[in-house]
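One chain, chain A, links the two complexes that follow: it is found with chain B in the first and with chain C in the second.
What follows is the complex of A and B.
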């Protein structure tokens, strides 16, 4: 299996050295102000700024393409739909903003250790303790979510290979059942492993 | 560490037959092997040693602490290594996974970083510190899983078939590592070579402990059972 998009790539650039909290706050601010991007020129400027961030972080072009490629499944149909119902200008804005936000989110995770991101989230969750939120549990949830992505992809690959080996090419049921059973079994084992490593409450 | 298993029988919820029955054993040797056929109860026995499984009847205590009442304290001293490292690795990168076990130890960031660096260097994983854990080879993943346990400095290490998914080279690597560990080790395995030099070997069959003694006699007994 190849690498998972958005996984931390070590580096020493300015972007890498920025505190995780600053990067997350920047992402939130850009996300909020993106609703004010109303013209294709502004959308293009936003995308250009994000691409400049990749250049400053000295991330390879292959990573940029790996970030964009999965997005095409959403961006292309969305763009076509927008062209039909709202015209070229609106389509360029919507697709441009979507592209910029996803690339920016990827830039944050590519240049920030997961533990640093989790520490920020745990820190924020601590302020919500009075509502009954357990900050460590929130952090654990986040890290397990990130860790589960390659595990489920790997499991899906194994199930697909087994399907092909048994000559059941395109059966959704034959794919879903072992995938769900396997994921649940893996979750159970991971629960045991967490308990064994001291996370047993 | 002294492990005392007294009058233990365990039946999993929803099952009629006990998976372990009438078990009484006292363990304090440095290297203890556990062998037996699939479904003989050896993995359940291993999980009882750190309180992951609490017996339906009887008690398991480690250094006088009952796993039923003091499970968390016992787990601080008893590390556990699973068969499939993918189930044990919970963080995306190697260094982060090793650091994960120290999150609740009350250590500063600098202390955690120093301990992680030391243990990665000691086990030959330093060059992989920032690598994605899921992209490591099977042997490297098992080494990472083991390192992530060892960083918490357990006094006893329980290993449940740690070499089952490994090739011969990686099996030897794990065997060499286990041989060098200062900790007491309880190793559950199907690989009889791994326990040949151990101090004591327990043989399980059909939910019971059927032989307990020196490796030579235990391995002979097991081979006769399987023939």
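What follows is the complex of A and C.
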């Protein structure tokens, strides 16, 4: 186990089986079009469509709630504020569009493997080759980044233990300096290993 | 800076990847209470500032961009275990853009002051890039995404200023420790005649 669990929920629904690139493109289109949503009815329709997507993907209600809950911190005060300043209609549109977009984006995340999304990004980078973007390096960066998270967390655990053993309390400095120096040393080893495999040639 | 090649080499790639891990680790570790503060603050923006202060403008900004890409692709690495494409649709998007630009500015200023790392210029760099730039872009993001007026967005934003100023101070202290323990990252100063006045050492 790497210690980091992705947000993907396996499934076999139509939403799960759609290619990752199509889902991402759809998200981008909805995001662009959402600017034109101007009435509460349309905002409600947008939210309803997204909720229908959750139903089609057969995701449990608890997951939907997990997507909504962190939004409430923002959506509720924002809604109240907009009601006071701009009235009910505007408040419904602003909050509705925000809710719909975040839920739709979460729907893509919940139904698409991280590796499939990486493939889309690398594919996009390939199209951007003419701008000087190197798709291989983009792919390598993403996979090394994923590997680095548990690596640094492990390092953080070691530093913590060492800190406690020496009786230093939770000083940010006594924690962060050895963590970062250790991480940089690991990076040197990784870099040497990559260079040894002829990556820079 | 003049020696930096257009394409990052394998050592740069490894450093970028590992630092994305550092930003993630600082966000995931809960009880980092600087100065014995009873309220644990999320150290994620500390990681963003440090990316610039340690790795410099290009690698620092790329490390933060990589971190955000991993979050967007579905790893729950934002403080509080959030992640997924939804973050790009939420009201905080201005801050996330600000993280990338901010890391670049912190790095550009820090590296402009050259080696050895000194506390006060380093603190200035962290304040300008890590507080001013990030909050300015965050406010713009809230105005655009949450349809807030400038005054209202500034009011929301101000809540987070004290914590981020504290993080800029910690960033400078940590960066000094890291540059002392792992020299060679900052560009050398031209004239080495004068003994480096290690100001607050």
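What to note about this one:
In the analysis below, the second predicted complex is superposed on the first by the 129 of 201 C-alpha atoms of A that agree within 3 Å, B and C clash if a C-alpha of one lies under 4 Å from a C-alpha of the other, contacts with A are read in each partner's own complex, and residues count from 1 in each chain.
Assume a contact is a pair of C-beta atoms (placed from the backbone, for glycine too) under 8 Å apart; a residue touches a chain by one contact, two chains touch by 3 or more.
Not measured: the values here are computed from a predicted model.
In the superposed pair of complexes, A:136 makes contact with chain B only, with no contact to chain C. Residue contacts after overlaying the shared chain place A:126 against neither chain B nor chain C. In the superposed pair of complexes, A:144 makes contact with chain B and with chain C alike. Judged by the touch definition given at the top, the superposed model places A:200 against both chain B and chain C.
When the two structures are aligned on the shared chain, A:173 is found in touch with chain C, with no touch to chain B.
A simple residue count on chain A separates chain B from chain C, and the partner touching more is C. By the touch criterion defined above, A:98 lies against chain C but remains apart from chain B after alignment on the C-alpha atoms of chain A.
With both structures placed on the common chain, the touch criterion links A:74 to chain C but leaves chain B unconnected. When the two complexes are overlaid on their common chain A, residue A:10 makes contact with chain B while staying clear of chain C. Shared interface residues of chain A, touching chain B in one complex and chain C in the other, are 4, 7-8, 114, 144, 146-147, 151, 186, 189-190, 192, 194-195, 199-200.
Taken in their complex, chain B has these residues touching chain A: 47, 50, 52, 71-72, 75-76, 79-80, 82, 84, 86-93, 96, 99-101, 103-104, 130, 132-135, 148-149, 152. By the touch criterion given at the top, residues 6-22, 24-26, 28-29, 31-34, 36, 43, 46, 50, 54, 62, 66-67, 69-70, 73-77, 80, 82-91, 145-149, 152, 170, 173-174, 177-178, 181-182 of chain C touch chain A in their complex.
In the complex of the two chains, the chain A residues touching chain C come out as 4-8, 24, 27, 31, 67, 70-71, 74, 78, 81-82, 85-86, 90, 94, 98, 101-106, 108-110, 112, 114, 117-118, 121, 132, 134, 137, 140-142, 144-149, 151-153, 155-156, 169-173, 175-177, 179-181, 183-192, 194-195, 199-200.
Listed in rising order, the residues of chain A touching chain B in the complex are 1, 3-4, 7-8, 10, 113-115, 136, 143-144, 146-147, 150-151, 154, 186, 189-190, 192-201.
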